[in-house]
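Below is a structure I'd like to ask you about.
Naming follows writing order (A, B and C), and every chain is counted from residue 1.
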(Lines give C-alpha, C1' and ligand atoms only; values in the text may rest on other atoms or scores of the structure.)
Protein backbone atom coordinates (compact mmCIF):
# COMPACT_ATOMS: atom_id res chain seq x y z
CA UNK A 1 0.00 0.00 0.00
CA UNK A 2 2.65 2.50 1.04
CA UNK A 3 4.72 2.15 -2.11
CA UNK A 4 1.55 2.41 -4.19
CA UNK A 5 0.62 5.55 -2.29
CA UNK A 6 3.99 7.21 -2.86
CA UNK A 7 3.93 6.34 -6.55
CA UNK A 8 0.35 7.62 -6.83
CA UNK A 9 1.47 10.90 -5.28
CA UNK A 10 4.36 11.16 -7.72
CA UNK A 11 2.04 10.53 -10.67
CA UNK A 12 -0.37 13.16 -9.33
CA UNK A 13 2.44 15.70 -9.13
CA UNK A 14 3.60 14.85 -12.64
CA UNK A 15 0.06 15.23 -13.99
CA UNK A 16 -0.34 18.59 -12.25
CA UNK A 17 2.93 19.92 -13.67
CA UNK A 18 2.14 18.71 -17.16
CA UNK A 19 -1.30 20.32 -16.77
CA UNK A 20 0.15 23.71 -15.87
CA UNK A 21 2.75 23.62 -18.61
CA UNK A 22 0.16 22.59 -21.20
CA UNK A 23 -1.77 25.83 -20.69
CA UNK A 24 1.19 28.06 -19.80
CA UNK A 25 0.79 30.06 -23.00
CA UNK A 26 -2.77 31.03 -22.21
CA UNK A 27 -1.80 34.22 -20.35
CA UNK A 28 -3.29 33.03 -17.05
CA UNK A 29 -2.50 34.01 -13.49
CA UNK A 30 -1.19 31.77 -10.72
CA UNK A 31 -4.63 30.90 -9.44
CA UNK A 32 -6.02 29.96 -12.84
CA UNK A 33 -2.90 27.92 -13.60
CA UNK A 34 -3.02 26.12 -10.26
CA UNK A 35 -6.69 25.37 -10.85
CA UNK A 36 -5.78 23.87 -14.22
CA UNK A 37 -2.95 21.84 -12.70
CA UNK A 38 -5.15 20.44 -9.94
CA UNK A 39 -8.00 19.68 -12.37
CA UNK A 40 -5.60 17.84 -14.66
CA UNK A 41 -4.22 15.80 -11.77
CA UNK A 42 -7.44 14.81 -10.02
CA UNK A 43 -10.18 15.33 -12.61
CA UNK A 44 -10.01 11.84 -14.11
CA UNK A 45 -10.09 10.04 -10.79
CA UNK A 46 -12.97 12.27 -9.73
CA UNK A 47 -15.01 11.22 -12.77
CA UNK A 48 -14.17 7.58 -12.05
CA UNK A 49 -15.30 7.79 -8.43
CA UNK A 50 -18.52 9.63 -9.31
CA UNK A 51 -19.38 7.02 -11.94
CA UNK A 52 -18.56 4.12 -9.61
CA UNK A 53 -20.59 5.82 -6.86
CA UNK A 54 -17.76 5.66 -4.36
CA UNK A 55 -16.44 8.55 -2.22
CA UNK A 56 -14.21 10.84 -4.29
CA UNK A 57 -10.61 9.98 -3.44
CA UNK A 58 -9.34 13.52 -2.79
CA UNK A 59 -12.33 14.43 -0.64
CA UNK A 60 -11.34 11.48 1.54
CA UNK A 61 -7.59 12.13 1.41
CA UNK A 62 -6.84 15.78 0.68
CA UNK A 63 -3.11 15.09 0.35
CA UNK A 64 -3.70 14.46 -3.34
CA UNK A 65 -4.90 18.05 -3.71
CA UNK A 66 -2.02 19.42 -1.65
CA UNK A 67 0.57 17.67 -3.78
CA UNK A 68 -1.18 18.87 -6.94
CA UNK A 69 -1.21 22.44 -5.63
CA UNK A 70 2.48 22.34 -4.68
CA UNK A 71 3.46 20.79 -8.01
CA UNK A 72 1.40 23.40 -9.87
CA UNK A 73 3.03 26.25 -7.95
CA UNK A 74 6.44 24.79 -8.70
CA UNK A 75 5.60 24.55 -12.38
CA UNK A 76 4.36 28.16 -12.30
CA UNK A 77 7.50 29.40 -10.54
CA UNK A 78 9.97 27.60 -12.77
CA UNK A 79 7.98 27.76 -15.97
CA UNK A 80 10.61 29.86 -17.70
CA UNK A 81 13.16 27.12 -17.18
CA UNK A 82 10.77 24.44 -18.31
CA UNK A 83 10.30 25.61 -21.85
CA UNK A 84 13.36 23.70 -22.98
CA UNK A 85 12.62 20.82 -25.31
CA UNK A 86 14.28 18.40 -22.92
CA UNK A 87 12.06 19.40 -19.99
CA UNK A 88 8.88 19.26 -22.04
CA UNK A 89 9.91 15.82 -23.25
CA UNK A 90 10.60 14.69 -19.72
CA UNK A 91 7.10 15.79 -18.77
CA UNK A 92 5.63 13.84 -21.67
CA UNK A 93 7.27 10.70 -20.32
CA UNK A 94 6.16 11.52 -16.78
CA UNK A 95 2.63 11.85 -18.14
CA UNK A 96 3.06 8.46 -19.86
CA UNK A 97 4.03 6.97 -16.50
CA UNK A 98 1.04 8.70 -14.92
CA UNK A 99 -1.52 7.24 -17.31
CA UNK A 100 0.06 3.79 -16.96
CA UNK A 101 -0.13 3.93 -13.19
CA UNK A 102 -3.56 5.55 -12.93
CA UNK A 103 -4.89 2.99 -15.40
CA UNK A 104 -3.77 0.02 -13.31
CA UNK A 105 -5.02 1.66 -10.11
CA UNK A 106 -8.41 2.35 -11.69
CA UNK A 107 -8.73 -1.27 -12.80
CA UNK A 108 -7.82 -2.51 -9.34
CA UNK A 109 -10.40 -0.19 -7.79
CA UNK A 110 -13.17 -1.18 -10.19
CA UNK A 111 -12.50 -4.91 -9.83
CA UNK A 112 -12.29 -4.61 -6.05
CA UNK A 113 -15.78 -3.07 -6.17
CA UNK A 114 -16.81 -6.14 -8.21
CA UNK A 115 -17.47 -4.31 -11.44
CA UNK A 116 -16.89 -6.18 -14.69
CA UNK A 117 -13.69 -6.06 -16.73
CA UNK A 118 -15.16 -3.81 -19.46
CA UNK A 119 -16.27 -1.28 -16.83
CA UNK A 120 -12.74 -1.43 -15.40
CA UNK A 121 -11.22 -0.62 -18.81
CA UNK A 122 -13.54 2.36 -19.24
CA UNK A 123 -12.58 3.59 -15.78
CA UNK A 124 -8.87 3.21 -16.56
CA UNK A 125 -9.36 5.29 -19.68
CA UNK A 126 -11.44 7.98 -18.00
CA UNK A 127 -9.04 8.22 -15.05
CA UNK A 128 -6.14 8.72 -17.42
CA UNK A 129 -7.69 11.21 -19.84
CA UNK A 130 -10.54 12.81 -17.86
CA UNK A 131 -8.44 15.46 -16.12
CA UNK A 132 -6.75 16.57 -19.32
CA UNK A 133 -10.08 16.75 -21.13
CA UNK A 134 -11.62 18.97 -18.45
CA UNK A 135 -8.51 21.18 -18.43
CA UNK A 136 -8.57 21.60 -22.21
CA UNK A 137 -12.27 22.44 -22.20
CA UNK A 138 -11.74 25.07 -19.50
CA UNK A 139 -8.67 26.47 -21.29
CA UNK A 140 -10.45 26.54 -24.68
CA UNK A 141 -7.74 24.29 -26.00
CA UNK A 142 -7.86 21.45 -28.51
CA UNK A 143 -8.00 18.17 -26.60
CA UNK A 144 -6.33 14.86 -27.41
CA UNK A 145 -9.49 13.34 -28.88
CA UNK A 146 -9.12 15.85 -31.70
CA UNK A 147 -5.50 14.89 -32.34
CA UNK A 148 -4.16 11.74 -33.98
CA UNK A 149 -1.78 10.85 -31.17
CA UNK A 150 -1.50 7.25 -30.03
CA UNK A 151 -2.68 7.88 -26.51
CA UNK A 152 -6.03 6.34 -25.63
CA UNK A 153 -5.01 3.24 -27.57
CA UNK A 154 -2.08 2.67 -25.25
CA UNK A 155 -4.31 2.86 -22.18
CA UNK A 156 -6.82 0.42 -23.64
CA UNK A 157 -4.11 -2.00 -24.79
CA UNK A 158 -2.33 -1.79 -21.45
CA UNK A 159 -5.60 -2.35 -19.58
CA UNK A 160 -6.41 -5.45 -21.63
CA UNK A 161 -2.93 -6.84 -21.07
CA UNK A 162 -3.15 -6.15 -17.34
CA UNK A 163 -6.54 -7.88 -17.17
CA UNK A 164 -5.00 -10.85 -18.97
CA UNK A 165 -2.13 -10.99 -16.49
CA UNK A 166 -4.58 -10.77 -13.59
CA UNK A 167 -6.53 -13.68 -15.06
CA UNK A 168 -3.38 -15.78 -15.49
CA UNK A 169 -1.40 -14.96 -12.36
CA UNK A 170 -3.73 -13.12 -9.99
CA UNK A 171 -2.91 -9.84 -8.28
CA UNK A 172 0.81 -9.75 -7.51
CA UNK A 173 3.45 -7.07 -7.57
CA UNK A 174 4.69 -8.52 -10.86
CA UNK A 175 1.34 -8.31 -12.63
CA UNK A 176 1.05 -4.68 -11.55
CA UNK A 177 4.53 -3.94 -12.83
CA UNK A 178 3.67 -5.74 -16.05
CA UNK A 179 0.52 -3.69 -16.58
CA UNK A 180 2.14 -0.36 -15.77
CA UNK A 181 5.27 -1.26 -17.71
CA UNK A 182 3.45 -2.24 -20.89
CA UNK A 183 1.33 0.92 -21.09
CA UNK A 184 4.34 3.08 -20.26
CA UNK A 185 6.51 1.34 -22.87
CA UNK A 186 3.80 1.53 -25.56
CA UNK A 187 3.07 5.21 -24.92
CA UNK A 188 6.79 6.02 -24.68
CA UNK A 189 7.38 4.40 -28.05
CA UNK A 190 4.53 6.44 -29.49
CA UNK A 191 6.17 9.61 -28.15
CA UNK A 192 9.67 8.62 -29.19
CA UNK A 193 8.73 7.57 -32.69
CA UNK A 194 6.09 10.27 -33.21
CA UNK A 195 3.51 7.62 -34.01
CA UNK A 196 0.22 8.87 -35.38
CA UNK A 197 -2.99 7.02 -36.13
CA UNK A 198 -2.77 5.43 -39.59
CA UNK A 199 -4.83 7.15 -42.24
CA UNK A 200 -7.33 4.36 -42.73
CA UNK A 201 -8.31 4.72 -39.06
CA UNK A 202 -8.97 8.42 -39.53
CA UNK A 203 -11.74 10.33 -41.21
CA UNK A 204 -10.36 13.08 -43.42
CA UNK A 205 -11.91 16.48 -42.82
CA UNK A 206 -14.09 17.23 -45.81
CA UNK A 207 -12.92 20.66 -46.69
CA UNK A 208 -15.36 20.97 -49.53
CA UNK A 209 -18.03 18.77 -47.94
CA UNK B 1 -39.61 -4.67 -20.05
CA UNK B 2 -38.05 -6.61 -22.91
CA UNK B 3 -39.61 -4.48 -25.63
CA UNK B 4 -38.57 -1.34 -23.72
CA UNK B 5 -35.05 -2.71 -23.47
CA UNK B 6 -34.81 -3.44 -27.19
CA UNK B 7 -36.16 -0.01 -28.08
CA UNK B 8 -33.76 1.61 -25.61
CA UNK B 9 -30.87 -0.19 -27.29
CA UNK B 10 -32.04 0.96 -30.73
CA UNK B 11 -32.26 4.55 -29.51
CA UNK B 12 -28.78 4.26 -28.00
CA UNK B 13 -27.40 3.04 -31.31
CA UNK B 14 -29.15 5.85 -33.19
CA UNK B 15 -27.75 8.44 -30.78
CA UNK B 16 -24.24 7.03 -31.14
CA UNK B 17 -24.39 7.11 -34.94
CA UNK B 18 -25.76 10.64 -34.98
CA UNK B 19 -23.00 11.58 -32.54
CA UNK B 20 -20.26 10.25 -34.79
CA UNK B 21 -21.69 11.80 -37.92
CA UNK B 22 -22.11 15.17 -36.20
CA UNK B 23 -18.38 15.44 -35.62
CA UNK B 24 -17.22 13.53 -38.71
CA UNK B 25 -15.73 16.66 -40.24
CA UNK B 26 -13.44 17.27 -37.30
CA UNK B 27 -10.56 15.21 -38.71
CA UNK B 28 -10.63 12.72 -35.85
CA UNK B 29 -9.45 9.13 -35.69
CA UNK B 30 -11.55 6.06 -34.98
CA UNK B 31 -10.93 6.17 -31.25
CA UNK B 32 -11.83 9.82 -30.89
CA UNK B 33 -14.93 9.33 -33.00
CA UNK B 34 -16.03 6.27 -31.06
CA UNK B 35 -15.52 8.19 -27.83
CA UNK B 36 -17.74 10.96 -29.20
CA UNK B 37 -20.39 8.45 -30.31
CA UNK B 38 -20.46 6.74 -26.94
CA UNK B 39 -20.54 10.04 -25.05
CA UNK B 40 -23.44 11.24 -27.18
CA UNK B 41 -25.36 8.02 -26.57
CA UNK B 42 -24.87 7.61 -22.82
CA UNK B 43 -23.81 11.06 -21.57
CA UNK B 44 -27.31 12.35 -20.88
CA UNK B 45 -28.42 9.27 -18.98
CA UNK B 46 -25.20 9.41 -17.01
CA UNK B 47 -25.90 13.00 -15.92
CA UNK B 48 -29.46 11.98 -14.96
CA UNK B 49 -28.29 9.06 -12.83
CA UNK B 50 -25.59 11.11 -11.09
CA UNK B 51 -28.09 13.85 -10.26
CA UNK B 52 -30.70 11.35 -9.03
CA UNK B 53 -27.98 9.60 -7.00
CA UNK B 54 -28.75 6.20 -8.50
CA UNK B 55 -26.24 3.74 -10.02
CA UNK B 56 -25.23 4.84 -13.51
CA UNK B 57 -27.18 2.67 -15.97
CA UNK B 58 -24.26 1.64 -18.19
CA UNK B 59 -22.02 0.78 -15.25
CA UNK B 60 -24.76 -1.64 -14.20
CA UNK B 61 -25.50 -2.95 -17.71
CA UNK B 62 -22.52 -2.52 -20.00
CA UNK B 63 -24.53 -3.63 -23.05
CA UNK B 64 -25.47 0.02 -23.57
CA UNK B 65 -21.80 0.84 -24.08
CA UNK B 66 -21.23 -2.15 -26.36
CA UNK B 67 -24.10 -1.17 -28.63
CA UNK B 68 -22.86 2.43 -28.69
CA UNK B 69 -19.35 1.27 -29.60
CA UNK B 70 -20.61 -1.01 -32.38
CA UNK B 71 -22.90 1.68 -33.77
CA UNK B 72 -20.05 4.21 -33.66
CA UNK B 73 -17.70 1.84 -35.50
CA UNK B 74 -20.37 1.23 -38.12
CA UNK B 75 -20.87 4.95 -38.56
CA UNK B 76 -17.11 5.39 -38.87
CA UNK B 77 -16.79 2.58 -41.43
CA UNK B 78 -19.67 3.67 -43.62
CA UNK B 79 -19.33 7.41 -43.08
CA UNK B 80 -18.58 8.05 -46.74
CA UNK B 81 -21.94 6.55 -47.68
CA UNK B 82 -23.74 8.48 -44.98
CA UNK B 83 -23.07 11.93 -46.26
CA UNK B 84 -26.07 11.79 -48.56
CA UNK B 85 -28.81 14.22 -47.59
CA UNK B 86 -31.26 11.34 -47.24
CA UNK B 87 -29.11 9.49 -44.70
CA UNK B 88 -28.43 12.58 -42.64
CA UNK B 89 -32.15 13.29 -42.63
CA UNK B 90 -32.89 9.74 -41.54
CA UNK B 91 -30.48 10.20 -38.66
CA UNK B 92 -32.20 13.42 -37.66
CA UNK B 93 -35.47 11.52 -37.37
CA UNK B 94 -33.77 8.69 -35.49
CA UNK B 95 -32.43 11.28 -33.10
CA UNK B 96 -35.96 12.67 -32.74
CA UNK B 97 -37.16 9.19 -31.83
CA UNK B 98 -34.27 8.86 -29.39
CA UNK B 99 -35.06 12.04 -27.47
CA UNK B 100 -38.76 11.07 -27.37
CA UNK B 101 -37.98 7.66 -25.95
CA UNK B 102 -35.23 8.74 -23.57
CA UNK B 103 -37.49 11.52 -22.28
CA UNK B 104 -40.30 9.13 -21.38
CA UNK B 105 -37.85 6.67 -19.82
CA UNK B 106 -36.25 9.42 -17.73
CA UNK B 107 -39.65 10.53 -16.46
CA UNK B 108 -40.58 6.97 -15.55
CA UNK B 109 -37.29 6.52 -13.71
CA UNK B 110 -37.57 9.81 -11.78
CA UNK B 111 -41.20 9.18 -10.79
CA UNK B 112 -40.42 5.60 -9.76
CA UNK B 113 -37.78 7.05 -7.43
CA UNK B 114 -40.56 9.30 -6.07
CA UNK B 115 -39.14 12.55 -7.33
CA UNK B 116 -41.58 15.33 -8.22
CA UNK B 117 -42.92 16.00 -11.70
CA UNK B 118 -40.73 19.11 -12.26
CA UNK B 119 -37.61 17.11 -11.39
CA UNK B 120 -38.77 14.45 -13.86
CA UNK B 121 -39.11 17.04 -16.64
CA UNK B 122 -35.60 18.34 -15.96
CA UNK B 123 -34.26 14.78 -16.07
CA UNK B 124 -36.05 14.10 -19.37
CA UNK B 125 -34.45 17.21 -20.83
CA UNK B 126 -30.97 16.45 -19.52
CA UNK B 127 -31.14 12.82 -20.64
CA UNK B 128 -32.08 13.91 -24.13
CA UNK B 129 -29.61 16.77 -24.62
CA UNK B 130 -26.82 16.02 -22.12
CA UNK B 131 -24.85 13.65 -24.31
CA UNK B 132 -24.92 15.97 -27.30
CA UNK B 133 -23.86 18.91 -25.15
CA UNK B 134 -20.84 17.04 -23.77
CA UNK B 135 -19.91 15.88 -27.28
CA UNK B 136 -20.09 19.38 -28.69
CA UNK B 137 -18.01 20.78 -25.85
CA UNK B 138 -15.34 18.11 -26.38
CA UNK B 139 -15.43 18.62 -30.15
CA UNK B 140 -15.24 22.44 -29.83
CA UNK B 141 -18.49 22.61 -31.75
CA UNK B 142 -21.45 24.94 -31.43
CA UNK B 143 -24.13 23.20 -29.36
CA UNK B 144 -27.89 23.30 -29.81
CA UNK B 145 -28.40 25.83 -27.00
CA UNK B 146 -26.68 28.32 -29.27
CA UNK B 147 -28.93 27.54 -32.23
CA UNK B 148 -32.56 28.51 -32.70
CA UNK B 149 -33.80 25.00 -33.42
CA UNK B 150 -37.04 23.81 -31.88
CA UNK B 151 -35.49 20.99 -29.89
CA UNK B 152 -35.58 21.45 -26.13
CA UNK B 153 -39.11 22.83 -26.48
CA UNK B 154 -40.32 19.56 -27.96
CA UNK B 155 -38.89 17.57 -25.07
CA UNK B 156 -40.46 19.85 -22.48
CA UNK B 157 -43.83 19.86 -24.26
CA UNK B 158 -43.74 16.09 -24.69
CA UNK B 159 -42.80 15.61 -21.05
CA UNK B 160 -45.69 17.77 -19.87
CA UNK B 161 -48.14 15.93 -22.12
CA UNK B 162 -46.84 12.58 -20.90
CA UNK B 163 -47.20 13.68 -17.27
CA UNK B 164 -50.77 14.73 -18.08
CA UNK B 165 -51.53 11.34 -19.62
CA UNK B 166 -50.01 9.60 -16.59
CA UNK B 167 -52.23 11.67 -14.31
CA UNK B 168 -55.33 10.84 -16.33
CA UNK B 169 -54.81 7.20 -17.25
CA UNK B 170 -51.90 5.90 -15.18
CA UNK B 171 -48.90 4.05 -16.55
CA UNK B 172 -50.02 1.92 -19.49
CA UNK B 173 -48.52 1.00 -22.82
CA UNK B 174 -50.80 3.55 -24.45
CA UNK B 175 -49.69 6.46 -22.26
CA UNK B 176 -46.06 5.62 -23.06
CA UNK B 177 -46.82 5.49 -26.77
CA UNK B 178 -48.69 8.77 -26.45
CA UNK B 179 -45.75 10.46 -24.73
CA UNK B 180 -43.13 9.16 -27.13
CA UNK B 181 -45.37 9.77 -30.13
CA UNK B 182 -46.12 13.38 -29.28
CA UNK B 183 -42.50 14.40 -28.76
CA UNK B 184 -41.45 12.51 -31.89
CA UNK B 185 -44.21 14.10 -33.97
CA UNK B 186 -43.50 17.60 -32.65
CA UNK B 187 -39.76 17.32 -33.23
CA UNK B 188 -40.29 15.70 -36.65
CA UNK B 189 -42.51 18.57 -37.69
CA UNK B 190 -39.83 21.00 -36.53
CA UNK B 191 -37.29 19.18 -38.70
CA UNK B 192 -39.60 18.81 -41.68
CA UNK B 193 -40.80 22.41 -41.69
CA UNK B 194 -37.44 23.91 -40.65
CA UNK B 195 -39.09 25.60 -37.68
CA UNK B 196 -37.00 28.12 -35.83
CA UNK B 197 -37.66 30.01 -32.63
CA UNK B 198 -39.74 33.13 -33.39
CA UNK B 199 -37.83 36.37 -33.22
CA UNK B 200 -39.60 37.74 -30.15
CA UNK B 201 -38.33 34.73 -28.19
CA UNK B 202 -34.76 35.44 -29.22
CA UNK B 203 -32.28 38.06 -28.19
CA UNK B 204 -30.57 39.59 -31.19
CA UNK B 205 -26.82 39.66 -30.95
CA UNK B 206 -25.85 43.27 -30.40
CA UNK B 207 -23.16 43.71 -32.96
CA UNK B 208 -22.60 47.28 -31.99
CA UNK B 209 -23.58 46.80 -28.33
CA UNK C 1 -32.89 28.93 8.82
CA UNK C 2 -35.67 30.96 7.22
CA UNK C 3 -33.59 34.09 6.75
CA UNK C 4 -30.77 31.95 5.31
CA UNK C 5 -33.26 30.37 2.93
CA UNK C 6 -34.59 33.70 1.71
CA UNK C 7 -31.09 35.06 1.23
CA UNK C 8 -30.07 31.89 -0.61
CA UNK C 9 -33.02 32.35 -2.93
CA UNK C 10 -32.07 35.96 -3.57
CA UNK C 11 -28.50 34.97 -4.37
CA UNK C 12 -29.77 32.24 -6.69
CA UNK C 13 -31.90 34.78 -8.55
CA UNK C 14 -28.99 37.19 -8.80
CA UNK C 15 -26.73 34.46 -10.17
CA UNK C 16 -29.33 33.44 -12.74
CA UNK C 17 -29.79 37.02 -13.94
CA UNK C 18 -26.07 37.61 -14.17
CA UNK C 19 -25.79 34.32 -16.04
CA UNK C 20 -28.35 35.34 -18.65
CA UNK C 21 -26.89 38.80 -19.11
CA UNK C 22 -23.37 37.41 -19.46
CA UNK C 23 -24.35 35.46 -22.57
CA UNK C 24 -27.00 37.86 -23.87
CA UNK C 25 -24.88 38.75 -26.87
CA UNK C 26 -24.67 35.16 -28.06
CA UNK C 27 -27.81 35.36 -30.24
CA UNK C 28 -29.64 32.71 -28.19
CA UNK C 29 -33.35 32.06 -27.76
CA UNK C 30 -35.33 32.20 -24.53
CA UNK C 31 -34.86 28.50 -23.81
CA UNK C 32 -31.13 28.53 -24.33
CA UNK C 33 -30.79 31.67 -22.23
CA UNK C 34 -32.93 30.27 -19.42
CA UNK C 35 -30.84 27.11 -19.49
CA UNK C 36 -27.72 29.24 -19.14
CA UNK C 37 -29.25 31.25 -16.30
CA UNK C 38 -30.29 28.14 -14.39
CA UNK C 39 -26.93 26.45 -14.95
CA UNK C 40 -25.11 29.53 -13.68
CA UNK C 41 -27.29 29.66 -10.57
CA UNK C 42 -27.28 26.00 -9.55
CA UNK C 43 -24.29 24.47 -11.35
CA UNK C 44 -21.75 25.18 -8.64
CA UNK C 45 -23.88 23.82 -5.82
CA UNK C 46 -24.60 20.76 -7.97
CA UNK C 47 -20.89 20.05 -8.36
CA UNK C 48 -20.42 20.51 -4.61
CA UNK C 49 -23.19 18.07 -3.74
CA UNK C 50 -22.00 15.45 -6.23
CA UNK C 51 -18.45 15.66 -4.86
CA UNK C 52 -19.64 15.49 -1.25
CA UNK C 53 -21.90 12.57 -2.19
CA UNK C 54 -24.98 14.21 -0.73
CA UNK C 55 -28.38 14.63 -2.46
CA UNK C 56 -28.28 17.50 -4.95
CA UNK C 57 -29.95 20.49 -3.32
CA UNK C 58 -32.29 21.44 -6.15
CA UNK C 59 -33.42 17.85 -6.72
CA UNK C 60 -34.50 17.90 -3.08
CA UNK C 61 -35.98 21.42 -3.15
CA UNK C 62 -37.02 22.41 -6.66
CA UNK C 63 -37.79 25.98 -5.57
CA UNK C 64 -34.19 26.85 -6.35
CA UNK C 65 -34.81 25.93 -9.98
CA UNK C 66 -38.10 27.80 -10.10
CA UNK C 67 -36.54 31.01 -8.81
CA UNK C 68 -33.68 30.62 -11.27
CA UNK C 69 -36.15 30.11 -14.15
CA UNK C 70 -38.22 33.14 -13.16
CA UNK C 71 -35.14 35.32 -12.72
CA UNK C 72 -33.80 34.16 -16.09
CA UNK C 73 -37.10 34.95 -17.83
CA UNK C 74 -37.13 38.38 -16.21
CA UNK C 75 -33.59 39.01 -17.38
CA UNK C 76 -34.58 37.88 -20.87
CA UNK C 77 -37.67 40.10 -20.94
CA UNK C 78 -35.97 43.22 -19.67
CA UNK C 79 -32.59 42.64 -21.21
CA UNK C 80 -32.83 45.74 -23.38
CA UNK C 81 -33.15 47.88 -20.24
CA UNK C 82 -30.31 46.09 -18.52
CA UNK C 83 -27.57 47.05 -20.89
CA UNK C 84 -26.97 50.30 -19.06
CA UNK C 85 -23.60 50.47 -17.33
CA UNK C 86 -25.31 51.03 -14.01
CA UNK C 87 -27.41 47.88 -14.26
CA UNK C 88 -24.47 45.73 -15.30
CA UNK C 89 -22.51 47.14 -12.41
CA UNK C 90 -25.35 46.38 -10.02
CA UNK C 91 -25.34 42.81 -11.26
CA UNK C 92 -21.59 42.55 -10.68
CA UNK C 93 -22.14 43.52 -7.06
CA UNK C 94 -25.07 41.11 -6.76
CA UNK C 95 -22.79 38.40 -8.08
CA UNK C 96 -20.19 39.42 -5.48
CA UNK C 97 -22.83 39.01 -2.80
CA UNK C 98 -23.79 35.66 -4.28
CA UNK C 99 -20.27 34.21 -4.17
CA UNK C 100 -19.83 35.49 -0.62
CA UNK C 101 -23.03 33.87 0.53
CA UNK C 102 -22.65 30.62 -1.40
CA UNK C 103 -19.10 30.32 -0.10
CA UNK C 104 -20.17 30.53 3.53
CA UNK C 105 -23.07 28.15 2.95
CA UNK C 106 -20.79 25.62 1.24
CA UNK C 107 -18.36 25.75 4.15
CA UNK C 108 -21.17 25.23 6.63
CA UNK C 109 -22.46 22.28 4.63
CA UNK C 110 -19.05 20.62 4.28
CA UNK C 111 -18.17 21.07 7.96
CA UNK C 112 -21.60 19.80 9.02
CA UNK C 113 -20.85 16.65 7.03
CA UNK C 114 -17.56 16.45 9.00
CA UNK C 115 -15.26 17.12 6.09
CA UNK C 116 -12.00 18.90 6.79
CA UNK C 117 -11.42 22.63 6.46
CA UNK C 118 -9.43 22.34 3.20
CA UNK C 119 -12.24 20.33 1.61
CA UNK C 120 -14.64 23.03 2.78
CA UNK C 121 -12.59 25.76 1.09
CA UNK C 122 -12.53 23.81 -2.17
CA UNK C 123 -16.30 23.38 -1.98
CA UNK C 124 -16.78 27.10 -1.31
CA UNK C 125 -14.73 27.88 -4.40
CA UNK C 126 -16.45 25.34 -6.64
CA UNK C 127 -19.91 26.41 -5.45
CA UNK C 128 -19.10 30.01 -6.29
CA UNK C 129 -17.44 29.55 -9.66
CA UNK C 130 -18.73 26.16 -10.91
CA UNK C 131 -21.96 27.44 -12.42
CA UNK C 132 -20.24 30.24 -14.29
CA UNK C 133 -17.58 27.88 -15.61
CA UNK C 134 -20.17 25.44 -16.97
CA UNK C 135 -22.13 28.33 -18.52
CA UNK C 136 -19.04 29.73 -20.22
CA UNK C 137 -18.05 26.33 -21.57
CA UNK C 138 -21.54 25.79 -23.00
CA UNK C 139 -21.63 29.31 -24.43
CA UNK C 140 -18.13 28.99 -25.95
CA UNK C 141 -17.12 31.99 -23.90
CA UNK C 142 -13.86 32.84 -22.16
CA UNK C 143 -14.19 31.93 -18.47
CA UNK C 144 -12.84 33.75 -15.45
CA UNK C 145 -9.89 31.39 -15.05
CA UNK C 146 -8.56 32.85 -18.27
CA UNK C 147 -8.92 36.43 -17.05
CA UNK C 148 -6.82 38.26 -14.50
CA UNK C 149 -9.71 39.35 -12.33
CA UNK C 150 -9.42 39.15 -8.57
CA UNK C 151 -12.26 36.69 -8.12
CA UNK C 152 -11.24 33.26 -6.91
CA UNK C 153 -8.77 34.91 -4.55
CA UNK C 154 -11.58 36.73 -2.77
CA UNK C 155 -13.47 33.48 -2.23
CA UNK C 156 -10.42 31.70 -0.86
CA UNK C 157 -9.47 34.62 1.39
CA UNK C 158 -13.04 34.97 2.64
CA UNK C 159 -13.27 31.23 3.28
CA UNK C 160 -10.07 31.25 5.32
CA UNK C 161 -11.25 34.23 7.34
CA UNK C 162 -14.61 32.60 7.95
CA UNK C 163 -12.91 29.39 9.10
CA UNK C 164 -10.80 31.49 11.44
CA UNK C 165 -13.87 33.17 12.88
CA UNK C 166 -15.57 29.79 13.31
CA UNK C 167 -12.52 28.53 15.18
CA UNK C 168 -12.48 31.57 17.45
CA UNK C 169 -16.15 32.20 18.09
CA UNK C 170 -18.07 29.17 16.83
CA UNK C 171 -21.05 29.28 14.52
CA UNK C 172 -23.07 32.40 15.28
CA UNK C 173 -24.98 34.90 13.20
CA UNK C 174 -22.06 37.29 13.59
CA UNK C 175 -19.43 34.87 12.27
CA UNK C 176 -21.62 34.23 9.22
CA UNK C 177 -22.04 37.95 8.63
CA UNK C 178 -18.29 38.38 9.05
CA UNK C 179 -17.51 35.71 6.49
CA UNK C 180 -20.03 36.91 3.93
CA UNK C 181 -19.14 40.54 4.59
CA UNK C 182 -15.41 40.07 4.12
CA UNK C 183 -15.68 38.23 0.79
CA UNK C 184 -18.27 40.71 -0.44
CA UNK C 185 -16.15 43.68 0.57
CA UNK C 186 -12.97 42.23 -0.92
CA UNK C 187 -14.64 41.35 -4.22
CA UNK C 188 -16.48 44.70 -4.32
CA UNK C 189 -13.19 46.53 -3.88
CA UNK C 190 -11.73 44.47 -6.71
CA UNK C 191 -14.65 45.50 -8.93
CA UNK C 192 -14.64 49.14 -7.84
CA UNK C 193 -10.90 49.62 -8.21
CA UNK C 194 -10.53 47.41 -11.31
CA UNK C 195 -7.94 45.31 -9.52
CA UNK C 196 -6.07 42.82 -11.65
CA UNK C 197 -3.59 40.12 -10.69
CA UNK C 198 -0.11 41.64 -10.40
CA UNK C 199 2.22 40.79 -13.22
CA UNK C 200 4.59 38.65 -11.19
CA UNK C 201 1.68 36.32 -10.41
CA UNK C 202 0.89 35.94 -14.09
CA UNK C 203 2.59 34.05 -16.87
CA UNK C 204 2.93 36.19 -19.96
CA UNK C 205 1.69 34.59 -23.15
CA UNK C 206 4.74 33.76 -25.21
CA UNK C 207 3.74 35.20 -28.53
CA UNK C 208 6.94 34.11 -30.13
CA UNK C 209 7.40 31.02 -27.93
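FYI, a residue touches a chain if its C-beta (ideal position, glycine included) is under 8 Å from a C-beta of that chain, and two chains touch if they have at least 3 such contacts.
Owing to the predicted nature of the structure, the values given are computational and were not obtained by experimental measurement.
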item: Category of the chain touch graph - line, ring, star, complete, other; value: complete
item: Size of the rotation, in steps of 5 degrees, that lays the CA trace of subunit B over subunit C; value: 120
item: Centre distance in Å when subunit A and subunit B are each reduced to the mean of their C-alpha atoms; value: 30
item: Contacts with two or more other chains, residues of subunit A listed in rising order; value: 50, 137
item: In the complex with subunit B, residue positions of subunit C that touch it; value: 24-33, 35-36, 46, 50, 55-56, 59, 62, 65-66, 76, 79, 83, 137-140
item: Subunit C-touching residues of subunit B, taken from the complex the two chains share; value: 50-53, 115-116, 118-119, 122, 133, 137, 142-143, 145-148, 152-153, 156, 197, 201-206, 209
